[in-house]
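Some structures are shown below for you to check.
There are two complexes below, and they share chain A, which is joined by chain B in the first and by chain C in the second.
So, the complex of A and B:
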């Protein structure tokens, strides 16, 4: 009898895990990726502590892995990443005013002692923190060699340490509280209904697709008369196109989870994602430098178009299954 | 200005002596346009507690509304490029009359009354000439069209009474023509401005944004009792630019832009939907339905002090001790007031603006 109860419990747990998109989004999408972010970010800090040379292969590899992990969660802009501006502390981009290089130059020029402690560093410009700041320190021809060498080393280590501790806090918040909030909606909860919880996940998907189309691809595209290749995300480390692929791959996973109960819709969405990913893989323009030429521009525009198609598919087919209507006010405001 | 003859005509036009006043109505506190799930468009009056007092059908999507300062009637404006403004009796929700813009004009969705309630002023598009117009209607003569004058720019969107004889207009700067719907026709040259006009149309003062913010369209206005203006903008440039969305201005001064380099300004997605001062002028709130955010700024230090995340939030007003917001998901709430209003209307999508008839 006891065994039977246990196995029934297990069975029902298994059924729930399979059929409940929120549980499976948490267990297969969000929590493992947050853990990966936390793990790779700690590894980055450890490697930086050993070797802070900007050209160090070990350091650059560790940086790349942690940055990959961030891009894979960069669409999850709610809850723990929004507390205390953590998402901006991890990733200050787009930076249309160039605050990141300005803030880093100022620190390096004056050897500002604020970076010696975590508390001090928390009070410097938020644009001097996170992965994009680290990219300048490791890859920018000027900022990778600016300032006193010892100070530059300390700054690399501080930025890495700061990334690691922010990543750990985000991961911890997800584990300790936020996963439960999302999993157990209720009248007094942050999410009042299961529907609201699903809508949060849906919204993150849509926002991520929009960011990929409008910012990651749209910013370097600029306009036909004025292409802006230097606006490409993380171009100094050659990661612009890679970010599009990483983000699409991760969002594909979340979309599949949210569409679990609707296999037909899921199939169409995944096919759209695959088309966009295939185009990205064959684009052969890692930092979108080609946007300045008509031919290169056409290739990036067609990738952008495919990302928009994914978004349209999700808005027209997935949204109704989750009880989401397009924003009445946001659609075409005044 | 009011002659005895005009005064009498005014009384007669209301059809009743003495004229009914706001005190006769169940005192609606808030107004907003909405769409029902069945697609019907409404103008809705709400009580202090956020209960619906009247809900009157309007012929198309609404936008903002204006309350007559004395008579219990309101004007519900069509959303641009709409062609109706309905006069609604707040006691019954009945439509008293419908204003149609003159040939070659359409409404932008906002309007206001003069202090004495005699004239209604509406923002309009003279679209063949691509010229912004303020239409003047005589509330004492059944809202007869009296005259019109230049708004001081293209695309006048919001208009407020700044003081007894002075108007302030947000000229958004964007040219549109009904033949091409809501398409933006002049982005390469657009320029928005904030314009102060005398009631006879004389231009008193005009302010533009700096060159690097040329693509920021000043759209919505709020004011403090002492005449400081707050405005919300909508960025027409590339997505992701770090640009201010809220500003303030006092006559004779330069514009102040709020938010500084606080990265959360980016959470507004370049789009201010509604703007409202707190009654003391210390705080100014802005909503963004695109960013699903409501942000509050300290109007003195220009710092962003609070942010609330709300799906499809757009309407915003100060009422009952705090900012009240509405959403396209049917919510009406005080996001930052403990035990404040918090209602959900499953059948309604609230439209862009919420108008408080008292504080």
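So, the complex of A and C:
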């Protein structure tokens, strides 16, 4: 059941830095993506305010764009996304005990008034908030039509509002305080040395790759005897494979930034990413339904293997150039 | 059943190879193994007391004998929780612990449940199997003869049936469910309230199949004892777990820090404390049937602290103490050691406040309730302490590396995936 994978490795001290990967990561990777998340999430709330019909093409498009923007930052699980459990409020997944449908059914069944205010909604089960809850409300055959129609509409609007305000708070925190914390390590800072700041970025990259391989791909794969296609991420909206591509594309960008002083290593890492992305693009199985057949399973497994290879490359080649060890992440539990 | 894969962050550090430090490291590792042995032996001793109480319950079911068995279970958790810091990092413990402490469980596998529990789920076809009521059933296309409930049946056929981790048939939490029953109080105060008559003979029996329930309880308790005997032996002189730790100083020290960091952050702060709070769900409590979660958190934290300080007080009051990681760090960087000790202290006072509140009637269930600000503050103080101490643990990892004389032929550095295979 539980096999330890070594996910971090201490390496010898860093070579002299030639440029500042932290600045570039902030300016070209993190901040623009947080802005995009904030913008598309607000747009989702605006569209939902106009049209809360689950089948509405406008609403679904706006939802898809905002969810895309979230997946592109989903590896950045530190600082502003962790304060007040914001990342969980945006995205409670995986949900192995089915808390999201349970919590939504309970709200819809009782027309729970807690959703009437932002403050009230902030206190309901976190599984009823965010993009995965919205997916049930828009795409699940039962939950998209459950409850009193007016209440259902209010709930869609509340979830959208909540996503927008959480996204804006995350973005604002990055701009106002956290970017500076990361940029200016010091003895009294949150990050005491530049190495600690780099370690945070490196850790996010590894954690994101781990999540993609073990959860996004590993959960539906299950075991050979017992594939679990129903566990595919966001399968109701047909986004499972799309999330793998979006996450890899975004992490490729971060890796390129972190490896910028080492062109040879950067080239090898990017090549690994490109191989995985190419495999994903030609997979032709948007929700990994194929894991139940040997042939389909093989394709998903080979993609998973390519993602693992990216991770190994980063651990063995990128880590020493940054002088970092990976540290602990939220996937360390069981 | 939090995720398909347990991924322990493993800290492979390069530690100074100087002779003095090497000696000191070896002593630290020996003491770490001694403490492990004492903790598992204490777990075994208290589990045997539980077994005696279970025998008494089965021989003469009454409110008193059931109460005594529950008390014995709670006492048995005190040393066991302190072993959890050994789990991450020591592969031998990690591979084993699922039999002993798996959680959360779909308890309908084992016995009757309330109607609100529901039936089979998308994730688990056997969530409501009810082995106690059924002496024969189909499991994954195979007919299982459960006419007799034995340790072998629990361990071999039922535990993690159909590859679903929530099918927990063995260990502390299965026993806990049999003693307490479901906690149906939601986020109100109160633990599970199984009547003692669930174990009564003849017409007095409630819940049906009292003899089979007793048989299950006895089988699970015996299995717990044999599992703890095995693990205690692994940490004795010449035991495999001990040898693995002392064999290589770099890896040994890494193991200690991996255990401390993974339990602090991903497991306790994340899965066990923050998640339940976010979901307002009392079933996400670690010891949910018995409402013992506050103690569970407290002694988990305590285990992290006593591994760093190299001192453990046994259930009989005896002290096991020796060379500590703390003194090793202090020799290199006294400030960092002080920081680390301070953070561990801060966590323990937060977890202590949580335990006190619960002991004084503010049940952990209530703390999880939607909008309960006071409960949230108590739990989050513990979470924040654990998260904060993880940063310092990472600094200790870095510090032990900084004197960096490369450890020779370290597979852990060249081929990380090979280390814990």
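Following the convention adopted for this analysis, the second predicted complex is superposed on the first by the 306 of 334 C-alpha atoms of A that agree within 3 Å, B and C clash if a C-alpha of one lies under 4 Å from a C-alpha of the other, contacts with A are read in each partner's own complex, and residues count from 1 in each chain.
Everything below uses one rule, namely that a contact is a pair of C-beta atoms (placed from the backbone, for glycine too) under 8 Å apart; a residue touches a chain by one contact, two chains touch by 3 or more.
If you're wondering where the values come from, they're calculated on a predicted model, not measured in any experiment.
A.B. asks: Answer with first, second, both or neither: which of chain B and chain C does A:78 touch in the superposed model?
C.D. replies: After superposing on A, A:78 lies in contact with chain B but is clear of chain C.
A.B. asks: Let me test your reading of the model: by the given contact rule, A:226 touches which partner, first (chain B), second (chain C), both or neither?
C.D. replies: second
A.B. asks: Is A:94 touching the first partner chain B, the second partner chain C, both, or neither of them?
C.D. replies: both
A.B. asks: Once chain A of both complexes is superposed, is A:270 in touch with chain B (first), chain C (second), both, or neither?
C.D. replies: Neither: A:270 stays clear of chain B and chain C.
A.B. asks: When the two structures are overlaid on chain A, which partner does A:114 contact: first (chain B), second (chain C), both, or neither?
C.D. replies: A:114: touches chain C, not chain B.
A.B. asks: State whether A:289 touches chain B only (first), chain C only (second), both chains, or neither.
C.D. replies: neither
A.B. asks: State whether A:123 touches chain B only (first), chain C only (second), both chains, or neither.
C.D. replies: A:123 contacts chain C only, not chain B.
A.B. asks: By the touch definition at the top of the document, which applies to A:218: first (chain B), second (chain C), both, or neither?
C.D. replies: both
A.B. asks: Hey, is it chain B or chain C that touches more of chain A?
C.D. replies: If we count touched residues of chain A for both partners, the winner is C.
A.B. asks: Answer with first, second, both or neither: which of chain B and chain C does A:312 touch in the superposed model?
C.D. replies: A:312: touches chain C, not chain B.
A.B. asks: Touching chain B in one complex and chain C in the other: list those residues of chain A.
C.D. replies: 85, 88, 92, 94, 96-97, 99, 125-127, 199, 214-215, 218-219, 222, 231, 325, 327-330, 332-334
A.B. asks: For the complex, give me every residue of chain A touching chain C.
C.D. replies: 1-13, 85, 88, 92, 94, 96-99, 103, 114, 123-127, 192, 195, 199, 210, 214-215, 218-219, 222-223, 225-226, 230-231, 312, 315-316, 325-334
A.B. asks: Under the stated contact criterion, what part of chain A meets chain B in this complex?
C.D. replies: Per the touch definition, chain A meets chain B at residues 78, 82, 85, 88, 92, 94-97, 99, 125-127, 199, 203, 214-215, 218-219, 222, 228, 231, 325, 327-330, 332-334.
A.B. asks: Looking at the complex, which residues from chain B come into contact with chain A?
C.D. replies: For this pair, the touching residues of chain B are 35, 63, 79-80, 108-109, 157, 182, 219, 234, 238-243, 261, 263-264, 266, 271, 273, 289-290, 292, 309, 311-314, 327-329, 349-352.
A.B. asks: Once bound in the complex, which stretches of chain C touch chain A?
C.D. replies: Interface residues on the chain C side: 1-14, 88-89, 91, 94-95, 97-98, 104, 121-123, 160, 162-163, 165-166, 261-262, 264-268, 270-272, 274, 278-281, 370-371, 390, 393-395, 397-398, 401, 404, 406, 412-413, 416-417, 419-420.
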